[in-house]
Each structure stands twice: as structure tokens, then as C-alpha cells.
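A quick write-up on the structure given underneath.
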Amino acid sequence: MKPLSARLETVTSLFRTPPKQIGLPPGTLIHVGTREMEHPLLTRTDFSPSDYQQRSAASLADCLPPAPTDGVSWVHLEGLHDVTLVNELGNLAQLHALAQEDILNTHHQPKYEEYDDAILIILKLLTIDGDHLQIRDEQFCLALSSGRLVTFREQTGELFTMVHQRLAAKNAKFRERGADYLAYALMDTVFDSYYHVLETIGERLDLIEAELIDHPSRDLLQQIHQIRGQLSFVRKTVSPIHDLTRVLIHSESPLIEERTRLYLRDLHDHILHVLANLDSYRDTAKGLIELSLSSMSYRTNEVMQVLTVIAAIFIPLTFIAGVYGMNFAVMPELAWRFGYPFALLLMVACATGMLWYFKRKKWF
Amino acid sequence: MKPLSARLETVTSLFRTPPKQIGLPPGTLIHVGTREMEHPLLTRTDFSPSDYQQRSAASLADCLPPAPTDGVSWVHLEGLHDVTLVNELGNLAQLHALAQEDILNTHHQPKYEEYDDAILIILKLLTIDGDHLQIRDEQFCLALSSGRLVTFREQTGELFTMVHQRLAAKNAKFRERGADYLAYALMDTVFDSYYHVLETIGERLDLIEAELIDHPSRDLLQQIHQIRGQLSFVRKTVSPIHDLTRVLIHSESPLIEERTRLYLRDLHDHILHVLANLDSYRDTAKGLIELSLSSMSYRTNEVMQVLTVIAAIFIPLTFIAGVYGMNFAVMPELAWRFGYPFALLLMVACATGMLWYFKRKKWF
Amino acid sequence: MKPLSARLETVTSLFRTPPKQIGLPPGTLIHVGTREMEHPLLTRTDFSPSDYQQRSAASLADCLPPAPTDGVSWVHLEGLHDVTLVNELGNLAQLHALAQEDILNTHHQPKYEEYDDAILIILKLLTIDGDHLQIRDEQFCLALSSGRLVTFREQTGELFTMVHQRLAAKNAKFRERGADYLAYALMDTVFDSYYHVLETIGERLDLIEAELIDHPSRDLLQQIHQIRGQLSFVRKTVSPIHDLTRVLIHSESPLIEERTRLYLRDLHDHILHVLANLDSYRDTAKGLIELSLSSMSYRTNEVMQVLTVIAAIFIPLTFIAGVYGMNFAVMPELAWRFGYPFALLLMVACATGMLWYFKRKKWF
Amino acid sequence: MKPLSARLETVTSLFRTPPKQIGLPPGTLIHVGTREMEHPLLTRTDFSPSDYQQRSAASLADCLPPAPTDGVSWVHLEGLHDVTLVNELGNLAQLHALAQEDILNTHHQPKYEEYDDAILIILKLLTIDGDHLQIRDEQFCLALSSGRLVTFREQTGELFTMVHQRLAAKNAKFRERGADYLAYALMDTVFDSYYHVLETIGERLDLIEAELIDHPSRDLLQQIHQIRGQLSFVRKTVSPIHDLTRVLIHSESPLIEERTRLYLRDLHDHILHVLANLDSYRDTAKGLIELSLSSMSYRTNEVMQVLTVIAAIFIPLTFIAGVYGMNFAVMPELAWRFGYPFALLLMVACATGMLWYFKRKKWF
Amino acid sequence: MKPLSARLETVTSLFRTPPKQIGLPPGTLIHVGTREMEHPLLTRTDFSPSDYQQRSAASLADCLPPAPTDGVSWVHLEGLHDVTLVNELGNLAQLHALAQEDILNTHHQPKYEEYDDAILIILKLLTIDGDHLQIRDEQFCLALSSGRLVTFREQTGELFTMVHQRLAAKNAKFRERGADYLAYALMDTVFDSYYHVLETIGERLDLIEAELIDHPSRDLLQQIHQIRGQLSFVRKTVSPIHDLTRVLIHSESPLIEERTRLYLRDLHDHILHVLANLDSYRDTAKGLIELSLSSMSYRTNEVMQVLTVIAAIFIPLTFIAGVYGMNFAVMPELAWRFGYPFALLLMVACATGMLWYFKRKKWF
């Protein structure tokens, strides 16, 4: 187990969300968050039952033409700092200014909102650095309108490669489905990534538990504190998605086909599973702290008792020795023939009495 | 009480569920979990009011023919690692690909789902090793369609022997019921096994409580930690079943006969009972830890007070003895005739003063 | 306050419910629990507005004839181990086999169930041994059908004497009511007994609180642990009754007359009151433990500080005395004329310095 | 801050409610509680838009005549121990025997119940003794029927003087309202008194908090324990009223006029406010205990460390001095010329080593 | 980090709300709270799609004339102590006397209430002093009636400057919206200010966490106690607003236009976000206290063990030295030739034995 650089990151910092300026008009488009890449990256993917076309590094103009007949057009933006670009894509997806504001606020909690001609879904991608156990969230938004899906994420990455492969496959059934099924497939991929985070944390927790039972230490306690903070962060991120998928399943929007509903129920299962596991880990972490503290308590007590017994026995003996080490001119015992054995016997009697008393009190 | 090999298994390991590959298409059939047996084992049981036939170690082909008229065909698979076989049986049971994916994912939480022509129920079998108190869960799925029940479990075992006996009995009323009643009977058997797990844990907890009050120790604390983890694991497994049976009772599926509903209410009672007992055990375990820690606290305090009194009394006395043990050439007291008694009196006065002070402070 | 024989009974044992055999057919009639009396005792009581007849130690045959016209027949069984007898009475009360199975399982949680022609209510009688504070529950079932009430309890006792007196009274209004009102009257008596249990526990808790504040001890802590377990047990027993009475009030069964509903609302009030008091006691017990532990913490700290001050002051002084007690041939100070006063001054200076330092640190 | 006579009253005693006799018929009129005054006191107040008449120390006969046309008759009883009187007034108010039983049971929790021609509201008056911080509850019942309000309280007092003044005022709008508005006005006065209790507790808590931070002590801990018990008692008393007012607002009883509803909503606001403040105080009290315990923990640790450092440094030094204080005939060092400086150097080296070790461990 | 003057303000004082006089008639207009400014300040702002007019320091008479046709009149009062003025403005806004009473009670919790022709919204402004981390709430009320918005706050301030600028802007779309949209814009500004408070607390918590891990101290513990109190205060203030916005979204009042609803949903998002962050901070603060206490526990244990080992080893050695320092005339060992080496060897053996025992016990 590599050492956890606990001091690099506080739990509090995970939860801080710097505020925007007070009093801005609603729908003011401002990028809130850190700029994660140099230039935003646009990808347009068109597919229909018979066709599949992907255009990477596309321009905005490339993305504007309508979707193919009987097909779907998927526009994917990586990098959210170019406010104008997000605005243009938001308009393309028929999103209200308030929805565009939410996409640009990368601290927005997950949410689902239906507009007249569009649906906005805000999710979070979670990544974890296995060595330092640092966790990061990234905003991921899906804007679903008729025949078109526009997606926005903060960073670039390989996450959706398999979705592209499945779309590009010969005779892919996938291409017969609508934009809602594509949105489902992307969400499914996002949720799969939560399992990876969970397992990374679980693996570390397992190592800590094994270590804690044998060699408890302050450093391990700090690691559990860190992990509790992270579990709490993941829970904060995932729990609003539970409501989101539930509402999605029962949505009556025409943008969601009846045959997709079964898949959305499967998504909901995933979230339930993630939440159940999070709770189990949280309870375990709490139990570990309690175990470790009570072990320590027991141990301190054992140590105390030995100290007490030794000290309590020898302190009076040493006192007796001290008495007969005094230099008074007149000390009759000193002159006795059996003074020394008498003193030793006195000590033995004293020690035996103490031991008997302690035994009776069951102190050792 | 045999020693609990606490170190063999961490609580965390109970909850870990290794993730699948990210981004797989929905309905991808992959076995997730450990392969529990060499070869999968198929059993087909057909019954009708007048007839009962069981074919063990059946081939897939044996299982495909339809159920007897006015009767039920029950196909039971033990061993889930043969993906093709599970797929064929899933198709036989008219299950959607997503449902088949869930059956193969042996970490799936308990769930109930209605499809057009089928019902899928996922449960967990729980077994406990009484000596080492190791708990294991096993996936058990029931796929109910018209006149047919297909069941899947990970391992082989004797669990359902009595169900077979009841079916085979002469003039058995059981054979007049449908596949839904058979599903009920199997679920009832599964739930009965939860009581066994609960009682095994309860027995151990009882022993620990009796021991803890008389001889608290770190090892007992660790055992309670283990038991809390297991109670938490059983709760995680059983609590989704509470919803499952509630939904089942109110299901309007034609696959569930009206006359079966009374039996399903009885099932629901069982789960309520198990959950109530789990909560009681959990509270008791928590109370035991608190009791043990506070007992220890009291004891440490008692010990501390004795040490303090002894040390506080003898330390000044020893100091006095030390003073008169110094070897200065000019120390008038040493030459006094009653110097020695004077020193002893000084010590007695000093000790009496301390004792009076401690008595007044009610320290012993 | 008589000493609580805490070791006679663990909290865990209160909650243990040994499981039945796995896989029995539903409705298998088996007595689960301990046999509480030698022979079961049957009592048949018939009443109508104008008549009252009670036959104690009745035979089964005595109980079978129908109720008087315009009247009610109440059959009361004490002792549940005779399975055949329970079965016959269950049939008389038109109970389903599953209901009869529940009556015989004396660990069944309280429940309310409506069948086509009958209503089954399972309750628990609670008794408490005031001296040893041992609590016991006993199953009590009411089976209500048209014009007839059959009741089952595990033991014999005087509990319902007053109900019989009220029925037997001249011109009793009671005899004009139906079987549902009789069931109400019995339930009311059962609930009254909960108050007795609660008050016995409350009285003990009150004594413990008064004692704990003045003379905290490990034994008191163990008694509170015991009481928490018992409060938790009573809560587990009573809380399902809260739902039971709520459902009963809103029942649309023809077996429950409209004019009885007001009385059922009164029953519901009782249960609410019992639950509120249980929660108060539970909070109080928790608060007492916290208070006692924190008092102990404060006290340990006080003791520690005195030990520290005494030890810290005398340890250096004793060291100085030790130095001048060494027997080196060449030790100039020993020969000084004012060597002894010098050493004493050194000691006084050292002690004064320490005291000043401790005062400044506010340690005493 | 006057000293809190904590020992006068246990928290448990606040919650104890001695049980009635088991098995009494429903509607048996028995006074449960303590007799608070010598003779019950009856007051009849009649008012109509044009008139106001109050008759103090009225007889029962004074109270029976009907209300003035277009007006309201308010009968107020102080003292509940005269069962016959309560029964007569209960009949006057058209209350069911069960309702009358509840009025006489002064431990009844707050409740709202609608009968055919009457509404019964049970509330609690709370009074607090600011010096000893003793809290008392008193039963207060309102029975509302057409044109008449009958109220019952356990003690006598000035609480409703202002209501009488407002009714008696010239051209008072109040007299144009019905009995329901009068009931509202009395409830509003009762709720106002809760604020007084809350503020008395809050004031004490504020003093304790300020004191605790500077001079933590066991006595303060006991005071907080007392206050937690009282907050818990007030919560138990007030929280059922939250439901009560909610149900009252939505009542469809003809006894409650539409124009009164707005006032009832204001009542509900008051209860919400009281509950929110109770929760804040409870959290604060809990936080104070935690703060005080953790402060104490820190302090004990500081003290421990000083003791350890001093003891650990001097114990070896004293040992060295002891060695060279031994009286063996042959001890070469004693005869060395620089034996004494050698011993002193040895001690300095030893002490320096320890100090360096402790510094490195950051123990001081 | 500037030192937190923790003693200036207790947590309790945050929650205290001095009560009004008992028994006042409902709707009695009394200012409850502190007078925050010398003279109340009135501002009237009229706008319509084509026009914008603002009159600062207006008189009451200035405010009475109706709103411009197709426009909105916004009257804003700063300073609530002038009861007559609030009464006049309340009447202008068509508010019931009870509503006016609520506006004047500056301790009122946030609430939403619909009257026949008006809506009353009570909110709280929160401000925080970043240096001393003192938090203050201020009442802010909005009374919405047809074409008119009257707002009341306790103090004066710059908070709504940007709203005025947006209204005054050339061709502002804002001026085309109604009074409901203006109310929304003000509420949005209020909620933005909560983020500022949250971030100030978060920043401090972050600093404390970093400090606590390296240098735990009692002062830091007290700061966390302070922060927990403040988080609890902010939660108490914000959580009723969660219900408020939810009810507002679903309101069917004609005073709220359909096209405003989307904006209200955005408001609701803000409150959800604030509450989620509050909970995260609260958990973190709790975790920090636990971490700090358990670190301290570990450390005390380490220190204890060193003390025990040193003391336990040297105490017997010192005793041996004491024995051979006694002055008995007859002590054979003293005369032995190898008496001194023998004594030293005895000491070494004794120390080795202890060390071996402690090693085996794993105490160091």
C-alpha cells in the first residue's frame, strides 16, 4: 500500500463551491469552475439504421445542419469555458437560458428538467487516483431534443469510445434506436464508472481494516477520515441521481420512447446498487474507527494496570528501604543482629499484602 | 465457544463487488462472480394434479418441451458460469436480455421486475459457518412465466428436497396449484434459511454478552465488530426483499393467482420478522460495545485512584527519608536523641494529612 | 432497591427466536415455543342482552355449539401446545391454516389480518418481575368471526376477571354489544398491562438516576444496560400494534360495527401514549449513561491533576536528596558548614518554581 | 446564576405516569393525577355582539342555561378532582364518556378528536420555575359545541385575564365571533406561554455555555443533563400539538367557521417556531457536552505529558543517585577523585538524552 | 487566519428569541426585535416596458398612488420599527392584520402564505463577518399583490443595487415582466447571498482542518463548536425556504404568471444546493472533531506506554539500590568482595526481565 499523502487535500476542500457574483440577472452565461483544457473540442456523430458518420474536431458550423432522416445527430462538446460556444449549442438543443447557465456552472448538482421541446440532464463523472486516493468530479450534461442529442463535459477523455464502436458496428441494432437510447447508453457508461470509484475505495478500506486490527496507528485513522469524506462526497454526488432516474422512468415526455423505459429501469437498479454499497462502506468505516478506538482504550487500560501494580508494590518497599537508609545517630533497628532480615521480611510482608489485595480486586 | 478466527475475513470484504468492464452494451451476457461448481446441473420437474415427474441431470433439450396440460414445468439450474445455457433458459422463460444480464451478475441486489410475459425475482440464499461465523450469499433467481418456472442458483445443495417430497406425495394438494404457488414455496424455503442464519448469530452474541460482562477483552470487542458487520450485511441483503414482497402482494400480473395472495402475505410477515430481529440484534451489539467501554472506563478510574492515593501518600514520605539519608557533615537532627522518632512522627503526620484530604475529596 | 441480578439474563436472550425446521409446507401446524402449562384450559362464555353463562374447564364439544341468538359466544383457550385443539378451535373460528400456524408460533410479531369471514389479531401480553426486573412476553390471539370470538393465550391467569365481572353484572350494557366490542375490551385490558410494565421500569430508572448522580458505579451501568434492552424489547413488541390499531380503526370489515370505532380510537391513543413514554425513557437512559461517563471523566481528570502535581513536585526533591545521599569520598558540599540548609533551600526553590509553573497553567 | 438544585428532581420523574387500575370499563370516570386545589372553581362567561356577562364562582346550575341568542357561553372549570362535576360539564358539552375519561386523566397526551356534535382538544399548560428550573405541565381541555365552549384546567391562575379584558372591551370585535374563535384565542394564549418556558431555558443554557467554556465542571454537566431532560419533556408535550393544529386547520366540522381558519394557520406557525427552537436548543446542549468533554480530554492529555516528561527524566537520575548511595564496602567509583563530578555528568548526559528523545517525539 | 474571538458570542445566543407579552390579541402590531436604524427609509420604484422611475427617501403619500398601467409599482421599506408605517404599507399591499404582525416580528421563521388578493413571503437575509465569523440574520418580507410589490427589511444596504440597474437599463426585458418576476429577482439575490455565507464558513473550516491535523488544540475545538452552531443556524434559516419554493412553484395563485414558474424552479435548485452543502460541511465538522479526539487518544496512549516502561523498569532497580543503601550494622552482602558487581548484575537481570516481558506484550 503506497502511503496516502493525506495532507495534500482536506475533506472540506472536496465540498467547497466558490460563489458567483451576487445579483446577476437569471440566465447570465458565465463559466463557473476551472478551465480544464486549452481549446474546446467538438465531435458530431450522425447515425441512422443504415449509416454512421463521425466528424472529430468539428467546427460549430459542422454541427448546425439537421439530423439525417430517420436518424440521430449527436453533438459532443469537451471543454466548457467557451461561453459563446456553449450558448450556440444550447440554442441548437432548444435549451432555455437558465438551462445554459446551469451547464456552465460546473458545481451544479445532478438534476433532471423537462422543457417544452427539450430535456436537460446534469450528471457528474467521477474519477479517482488510485495511488493518492484523490477523487475528482466533472460536469456532464445531456440535452435531448427531437432527433438530436447535445452533450457537454469539462474534460476530454476516452470514456465513450465503446459507444462509438457499438454505433459503428456493422448491422448495429443500436442505430435503429433514437436519441433517447443514445442518452441512455451514455448514462450507463457514466454509472459504470461509479463502480470503479467504489471498488478503488473498497480495496483501500479493506487494506486499512486488515492493518488496523493488527497495528492501529494515527496515520490509519487519518486515512479513514479521508475515506469517510470521500464516501460522503460520492454519496452527495450520486444520491440526487436516484431521484433523477426515477423521474426519468415515469416521464411522459414524447422525447422518450416507450421501448427505452426498460433500459431506464436497469439504470435505476445501478444507482440503487451504488447507494447501497456506499452505505455499507460508510458503516464499515464508522465501525472501524470505533473498533480502533475501543481497542486502544482496552490496551491503555492493560498498560495502566501493570504500571499501577508495579508502582503500588515497590513504592512502599522503597520507602522502607529509605527509612533504614537514614543516618540518625540513634536508630535501634540498625544495631539489631537480625535487623536486615527483619527489614527484608517487612518488605516481603508488605508486597504480599498488596498482591493479595490486587488479586482480590482482580486487577491482574 | 470456539475461537472466532477474526483475522480470516474483514468486514469490508463482505461488501466488495468487483466492477464489470466499463461501457459494455446493455444486455451483454457475462458471468460476474466466482465459478462455484465444475459443471452446471439441470433438473426438470413436471407436475399436474395427477402426475409428478423429475428428471435430474437433464440436458437443455430435455427442458425445452412445454409443460404438461393443466400442469407446471419447473426447470432448475445450479451453476451460473455457463453463459450460453443461462441464455437459452432465459429465452425459454421469455426473459429480456437485461433480465438475463442481471441473473448472471451474482452481485445483483434482490429485485422484482415484471415483463410482458414473465416475472423475474432475484433473491439471495444466505449460509453461515457456525464455527468460524463466516457468512456467504448466493444468488437465487426465479423466472415465472405461464405454466413454467425457471430457477437459477450458483451452487448445488439440498435446500429444496422437501419441496420435491411435498410435490411427489400421493394426492398432494400442492400439485393442484400453479407455477406461482411453486415460486412461493421456494421463496418460503429461502426465507426459512434466514432464520437459521439469524439464530446462529444470536447464539454467538448471547455467548459474547455473557462473557463480556464478566471478562471483557479486546478479542471480544473484535468479535462484536465482526458480528455488527455481518448483521449489516444480512440487513443489506434482506431489506430490499421487504419491498419485493410488498409489491408482489399487490401485483396485478395474470401470472399470479388470486388464491396465492394469502401465502404471499405470510411471506411478507416472515421478512418483517427477520428485519425486526436484525434491528434488535444490531441495537444489542451496539449496547454491548457501549457497556464494555464504559465498564472499562470505570475500572481504569478505580485503578487510577488507588495508584494516586498510594503514590501521593508515599512520595512525600520517601522524600523525608531521603532528606535524612543525606550525608552532610552538619545535620543537627541526625544527632538528636529522638531524631528517629521525630522523623517517623513527621512521616505519620504527613500521611495522615494526605489521607484526610483524600477522604474529604471522596477519592476512596 | 433490591439488587438486580443482572447476570441471570442477557439482553440478547430477550430477542432470540429459535427457528423452525426449514422447508415445511405452509400451514403446517407446529407449536413453536415453550409449553407453559400441563393441560390446556378451555372456557366458554355466552352472553346476550338478557343472559350470561360461563362454563370453565369446558371440553371441545362444549365449545362447538353456535352462539345464542342476538348474543355472542366467547371461547378462550389457555395453553397452546395441544396442536389438535388449536386446529379445531381455529376451524371453529373459520381461520385459514396459515393463520392457525401463526397462532401456534409463539414468537410471531403482533399483526392484524382480515380473512373472508374472520379477523385475526395477534398481540403480546407483557409481564414484569418487579424484583429481578425480568420481562416476559406471552402470545395472545383474537379470532373474530360473526357472533363468535375465539381467544388463545399461552398461560393461565387472572387478567380478564374484570371483563367477566362486567359481563355478568346485572343489566350490563356490555351484553348488548357484539363480539367486536368484546374483542376491544380484551385488547384494552392487555394494553392497560403495558402501563404497568412501563411504570415498573420507570420506577427503577428513577431510583438508578438518583443513585447514579451521587454514587456512580459499574453495577448501575449494567443495570441501565439491562433496562435499555428491556425498553428496546417492549418497543419491538408494542410498535407493530400502533399500525394494527390504525388499520383496525379504518377497517371496512362487516365484523366491526360502526359504534365500536370510537372505542378503537381510544385504544390507539393508549398505544401512542405508551410509545411516547418508551421513547422518553430510552432518551433518559441514554442521557444517564452519558452523564455518568462524563462525570467519571471529569473525576479521573481531577485525580490525575493531583497526582501530577504531587509527583512532579516531589520527584525532583527526592532526586536532590538522593544526590546528597551518595557516598563519594570527595563531595565538597557535604563538608560545607551550611551544606544542609543549602540543600533544603535548593529543594524549597525547586518546589516553589514548580508550583508557580502549575499555578500559571491553572492546573490546580 | 443561582445554583440549580439538581438533586431535587430526576429527569425520569418528569416522564413517569402512574398507571390506572387494569381492566376498568371504558369510560370509567376516575381522576388520575394530583389534586391541585381545595375546591373546584366554575366561571361562566356569556357574550354576544352587544353584551358581556361574567359570573365567577358559579354553581353548576348557573352553567346549565343555554347561551344567549347570537352569542356564546363559555364555562371554565378550574380543578379536575370532582368527578361528578366534570361528568355534568362533559354532558353539557355533549362529550362521549370516553372523552370525559380523557379529560380526567391528567397524564393524557395532547389530542384532537371530533365527535358528532362536539370537538375535544386536549392541551398542556407549561410553567417553569426560573430559579430552580423546575418545569410542570397542567392539563387544559377545550370542549367545543354549538354556541358553547367548556374548558377544563387543573389549577387556578391568571392566564386568561387578557382574554376576558378583550371580551369586555367596549365595541369589542371579539364579541362578534363564535365559540371557535374564543377557543382559538385561548389556545393562542397557551402557546404564548410555551415561548416563556423556552426563553427561560434558553437564558440558562446561554449562561451555562459561557461558563462551560471558561470553567468546565461536573456541576455544569449535571445542569445540562437536567436541561436536556426538560427540552425533551417540552418536545414530548408540544410535538403532538403540531399534528393537532394541522388537522384543525383542515377540519370540515361545522363547528369551525371559515373565517377562523386564517387564525388557526397562525397558531400552526407558532408551534412550528417552538419546535424549531427546541431542536436548536437540543443540538446546542448536545454540542456543549461534546465540547466540554473534548476540552477535558485535551487538558488531561497536556497534564499527562508534563507528568511523563518530569517522571521519565528524574526516575533514572534518582536511580543513579541511589546506586552511589549504596553502602558496599568495595565500590571503586566512590574512592575516585572525580567520582562525584563523574556521577553528576552521568546524570546530565542521561537527562539530556531523554529530553532530546522527547523533543524528537514532539511531546513538549 | 485571524484569531476567532470565540468568547464574544455563544452558540445559544444565536437561537434565542425573546418572547412577546402573553395573551395579546391576534394581529396586535408590535415591533419585536432590535431597532436597526434611526429613521425608516422608503423607496418607490415604478416601471413599465417603456418607463423606469425611482424615488428614494419617499414619503408614505408618495407610495400610495397606483402602479402605472401595464407596469409595476415596487415599494421598498428599510427599518421595521415604525409600526404605523408598516401598518399603512401592509394595508396598501392588502395584507391581513395577522400578516402584518408577522412582518413586525423579526424572529419569524421563513414562510409562504396566500391570502385572497395577496401573497406574503418571509425570508431571512444572512450576513457574516469574515474576521470574527459572526453571523447575523435580518428579516426580509415580500408582499405581492396585483401590479404591486411591497418589500420590508430591517436594515439598509446595497443588496438590490444590481436589480435597480437591470430595471433601469435601456430596453430592459425585465420591465416587460410583472411584479411576480420582480419578487423572483429579489429572492434570487437573497439566495445568492447564502452562497457567500457558506463559502466564508467553508474557507474557515478548510483552514481549521489543515491546522487540526498537524497541531490539534483546544482552541481549534472551540472554533469547530462555533462553526457547528453557525451551520446549524444557517440550516434552521434555510430549510423552511425549501418548502417555501416548492409550494411557490406549484401555487395556483393568479398573482404568479405561468412564464415565471421556470425561474422559480431555478430558485428551488439554489436552495437544494445550499442545503446539500450545509449537510456536507456539518458532516465534515463532525468528522474533524472525531478525528481530533481520536488522534489525541492515540497520542495519550503512546505517552502512557513510555512512562509505564520507564517507570516500571527503574522502580525495582531503585528499590534494590535503596536496599543496599540501608545502614544496618549487619548486612553480609555489603562486606562481600563482589557485592557491588553482584548488585549491579541483579539490577541488569531485573531490567532485562522487565524489558523481555514488555516486548512480549508488544508494549513498545
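Chains: A, B, C, D and E, in written order; residue numbering restarts at 1 for each.
The rule is short, and it goes like this: a residue touches a chain if its C-beta (ideal position, glycine included) is under 8 Å from a C-beta of that chain, and two chains touch if they have at least 3 such contacts.
If you're wondering where the values come from, they're calculated on a predicted model, not measured in any experiment.
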{"item": "Both-way neighbours, i.e. chains that touch chain C and touch chain B", "value": "none"}
{"item": "Graph separation of chain A and chain E (steps between touching chains)", "value": "1"}
{"item": "Between chain C and its twin chain E, rotation from the CA superposition, multiple of 5 degrees", "value": "145"}
{"item": "Mean-CA-position distance for chain C and chain A (Å)", "value": "41"}
{"item": "Averaged-CA centre spacing for the pair chain E and chain D, given as whole angstrom", "value": "25"}
{"item": "Residue list for chain C, restricted to those that touch at least two other chains", "value": "297, 299-300, 304, 307, 311, 315, 318, 322, 325-327, 331"}
{"item": "Topology of the chain contact graph, where touching chains are joined (line, ring, star, complete, other)", "value": "ring"}
{"item": "Ordered ring members, chain B first, chain C second", "value": "B, C, D, E, A"}
{"item": "Chain E-touching residues of chain A, taken from the complex the two chains share", "value": "6-7, 10-26, 96, 98, 102, 107-109, 111, 113, 115, 216-218, 221-222, 225, 228-229, 232-233, 236, 240, 289, 292-293, 296-297, 299-300, 302-304, 306-307, 310-311, 314-315, 317-318, 321-322, 324-327, 331, 333-340, 343-344"}
{"item": "Chain B-facing residues of chain A, complex", "value": "159-163, 166, 174, 184-185, 188-189, 192-193, 195-196, 198-199, 202-203, 205-206, 209-210, 213-214, 262-263, 265-266, 269, 272-273, 276-277, 279-281, 283-284, 287-288, 290-291, 294-295, 297-301, 304-305, 307-308, 311-312, 315-316, 318-319, 322-323, 325-331, 361, 363"}
